[in-house]
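There are structures below to look over.
Heads up, the next two complexes both have subunit A, just with different partners, subunit B and then subunit C.
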Partner chain A sequence: MALKRFLMRPRFIIYAVVILGFVFLPRLLSTFNLILFEYGLTFAIVALGFNLLLGYTGLLSFGHGAYFAAGAYGVAMTAKYFPAHFSLEILIPAALLVSLIISAIFGFVCVRHTRIFFSILALALSMLLYALVFKFYHVTGGSDGLYVKIPSVFGYTFEGVRRPQFLMGFYYYFLLGVFFAALILMKGIVSSPFGKALQAIRDNEVRAELIGIRVRRYRLYAFIISGMYAGLGGALWSFVNGHVTPDVAHWVFSGEIVYMTLLGGFAVLAGPVVGALIFTFLKLYAMGSTEYWMLIIGATLIILVLVLPAGIAGGFAKLVAKISQHFATRAA
Partner chain B sequence: MLKVTRLVKDFGKARIIYPTTFEVKRDEIVSLVGPNGAGKTTLVNLISGHVKVTGGKIEFLERDITYASPYHRIKMGIARNFQITNLFDNSTVLDNIRICLFSVYGKIKRGILPATHYKAITEEAAEVLDTFGIGDKKEVFPGNLSEGDKKVLDTAMAFALKSKFLLLDEPTSGVATGDKFKVMDTIISAIKKERMACLIIEHDMDIVSDYTDRVLVLAEGTIIADGKPKEIMEQSNVKEVLFGVKA
Partner chain C sequence: MFVTPSYSSIPFAKSSRVVQRNEKMWPIYILNGLYFAAFIFLISLGLNIILGVMGVLNLAHGSLYATGAFMAAWTIVALDEGASIFLIYPALLTGAVIAAIFGLFMEYFLIRPMYKRALEYQLLITFGALLLFEDVIKMIWGGEALYASGPFDVLGRIHILGNPYPLYFLFVMILAVVVGISIWLFMVKTKIGVMLRAISLDREMATAMGLKIDKLGTFAFVLGAALAGFAGALVVPTTPALLGFGMEPLILAFIVVVIGGLGSLKGALVGSLVVGQTRSIGIALFPEIELAVLFLIATVILVVRPQGLFGR
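Showing the complex of A and B:
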């Protein structure tokens, strides 16, 4: 009976429809749109991690491109220096390790400050990484970037398979699996005691300290988790893109991560995911239809801030709450 | 239990606390009274580690904690509330308490299972709220509580830390006059039940004499009287600083 009641919950039905939709997406979308959707999914993982810092810990980072780059270059440089080990099961942990190290070092410096000082420090450090990647031509490929070939998986090589085929087949489902795992893990983190501690720090730093939470240390933990999500997104992105350039460490890209999160709404868990997917399509179609695409992106941001400060998913959640409240009062 | 010896605090060139010595014993409920600007809150801040000491010594359970961090003092068992309520406004009343309990039991680092999974802690948080008479407001956000309930919640959070020594900075300020005694009744009975020692800053002389074992009178940064409430009230120098009556 309990199972039946669980299955009848509207929330569960929505989840089931979304998951089924995602699974059958390769049959519904054109190759072009599907690959675009995959870009969106990788950014969704990044934005999800970014929001642990912005929405749940109250720290606005303008340098998350750095950890994205750490993941992407982690993959690309493994390809360059250890070509024998170019398989997914090694590359993903390697990318996570690189982003862990970079975000631990940068985070250690950044969490000493809050508010605008934190944001600027995060931005400055990410630009430092950008300069390093850009200048060390012989190590990182400089502005040419590095090529990322199709990886093998547990000894199976996709020889003769072209990238679009790879992306439409195995890789799409792999990406989808990683995305859902990351989403469920994040859901766990934010509702766990640790997540509650982060929210306590966001709401009231002084009191958090005085109930025995080590504020700075917990901010660092959040920073590292957030950075690793960005690194994971970066690693997954590098296979979709096939090519890694220093641009991803630049603050403009970090700004896009902030934009995605605001677009979706940082007060709800799914907000950044919705934001990242919509942003990816919005940006590309805006770019395709006019050379003044930045105007469209900018105008969207202004409208968003004025009309929908809670973001798209946040606004939707509010609407649903309002409707259910309306029916509840009617019934009573 | 708590022993303060010749404690001094300067803010810049201004001396706020002159050499001050006093002691709080086990199970004792002591009130700290004095006119505005006497340094009562500063004294509490010094003991909780919120403000750094200039000179002197603070001992707790025979250990020197003069320079210990607030974190270590909490772990040793010194908790405090705040005069201006200091809550987690975007968490429910239940979560406000639950965070404290997670911290006490060292479970605050657990990062995978949802907070609701820890049933024993959730139940205990509900018990704490029942003890303080706000058990029916579990799912309310602190912003929607009355001023009195906010105060009670603030104190309940300090209480939930399972401390041995509680610093209460005006637990009834901002509470409607009619509710003051009700609030104090709940707080004091909870403290007595757990056999905690307590230092309360209070302005209301009726509360001081009804609820506390001993009174410390602080004026211009130093303690001028120390004794039972009834006796203290009769002293001429106390009357002068507290009520402005010249004997």
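Showing the complex of A and C:
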């Protein structure tokens, strides 16, 4: 009975449709759009983690590109220095470890501040990483970046498989699996006591401190988790892109992560995911159709901030709430 | 395929005319440092005024600087190479004027609706403006580099301790000192300056005293934008104006603000001296990690003294 009621909930039906749609997407979309969608999924993971910091802890970081780069370079540097171990089951944990270390160090410095100082500091630290990656040409490839070849999985090498085939076949489902795991984990994090404590800190720092939450330490934990999500996204992105450049550590890329999160709406869990997917398509189609794509993206951002501050998913949730309230009052 | 477009296509371009280096040139390094400091000071002064009076961190400040650079370069080129010194130098002021106009529009249409909104939105709208500006510059002046070395060539070089040094660099330093002193006098002696300082000290109290926050805020923003545009105009005789030109100075100005403290004029001065000298000596001694050292200094200062050297 309980199961039946659960299955009949509209929310569950929507989830089921979305998951089924995602699974059959390779048959529906062209190669180009599917690969674009994969870019969107990797950014969605990044934005999910970023939102733990912005939406749930109330800290705006303008330097999350650094942890994205940590993950991506974690993969690319393994390819350069340990070519024998170029295998997915080693690379992903390695990337997570690198982003864990970097975000723990940077986070330790950053969480001493809040508001605008936090943003500037996160930005400055990400530019520090950018400068290092950019200047140490012999270690990191400098502005040329590093090439990322197709990885092997548990001893199986994709020999003779070209990248689009790899991306459309195995890798898409791998990415989808990781994405859903990350989404469910994030749902767990934000509904856990830890997540509630973060929201308490966001709403009132002093009060949270007084009821016994160790504010700075919790902020650091949130920062590290969010950095690791960015690193995971970066690692997955590097296989899709096949090439890693220092641009991902530049603060403008961090600004794009903020943009994605706001485009979707940071008050809703799924908001950043929607934002990341839409942003990826918007940007590429804007770049393809006009020379002045930055104008389109910038204008969209400005209009969004002025007119729809809750973001697309947030606005949609508000609309749904309004409609259901309307029916509820009519029924009463 | 999908490649992150390189925003950083001119990564931390070095001033191309900075004199060649060897061991006996320490006075020149120091002077170069002062020259860097001079124009970073102008930019961070503007950023700091806007931040202090309006509480908005303007991410598009570098774009205002770039606008000034393009306008000044375009005017000088339009005036033709052989124009007299009395025409070329006033032409540099057009950079300040255009940036002030852009700043006025930006304040009125974008920043003003954001006063009461959360910090995230304020930062994001200036980020949107940054993207917008980049393409507006491309639309107006095209994508090519604009090079106008007239003011630099006219002044020639002098000899300092046996080393030739461009007189133009000294001119920029003197100008920065003059601008700095006049801004300081303006803030201390005039009524508007006192009102601006009152707003940055306590916004609510200033409102209660009946100050016109809106108009004063617009004034502060336009002043800050004009300073950025002027700095851009001053740098254009030595380095060609390119797209994405404003990114580096913006980051350097952030570091200055971080070192010196939010909204402090003294902090902007000391911060730009630190940044300028570190860059100049860094390029000579450890060019690979010159920028990293700068960021490291900023981070250490923030950890030891969170409000910056002269912050409140």
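In this section, the second predicted complex is superposed on the first by the 332 of 332 C-alpha atoms of A that agree within 3 Å, B and C clash if a C-alpha of one lies under 4 Å from a C-alpha of the other, contacts with A are read in each partner's own complex, and residues count from 1 in each chain.
By our rule, contacts are C-beta pairs under 8 Å (C-beta built on N, C-alpha and C of every residue); 3 or more make two chains touch, one makes a residue touch a chain.
All values derive from a computational prediction rather than experimental measurement.
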item: Winner by number of subunit A residues touched, once subunit B and subunit C are compared; value: C
item: First, second, both or neither for A:211, with subunit B first and subunit C second; value: first
item: Contacts of A:149 with subunit B and subunit C, given as first, second, both or neither; value: neither
item: Which superposed partner A:9 touches (first subunit B, second subunit C, both, neither); value: neither
item: Which of subunit B and subunit C A:251 touches, first, second, both or neither; value: second
item: Which superposed partner A:36 touches (first subunit B, second subunit C, both, neither); value: second
item: Which of subunit B and subunit C A:200 touches, first, second, both or neither; value: first
item: Residues on subunit C engaged by subunit A in the complex (per definition of touch); value: 1-8, 11-12, 57, 59, 110, 113-114, 117, 119-121, 123-125, 127-136, 138-139, 247, 251, 254-255, 257-258, 262, 288-289, 291-292, 295-296, 298-299, 302-303, 306
item: Residues of subunit A touching subunit B in the complex; value: 185, 188-189, 191-197, 199-200, 202-204, 206-214
item: Partner subunit A, residues of subunit B touching it in the complex; value: 48, 50, 70-71, 74-75, 79-80, 82, 86-91, 95, 98-100, 102-104, 107-116, 118, 157, 161
item: Touching residues (chain side subunit A, partner subunit C) in the complex; value: 35-36, 39, 54, 60, 62, 109, 112-113, 115-117, 119-121, 123-125, 127-128, 130-132, 134-136, 143, 241, 243, 245-248, 250-253, 255, 258-259, 262, 284, 287, 291-295, 297-302, 305-306, 309
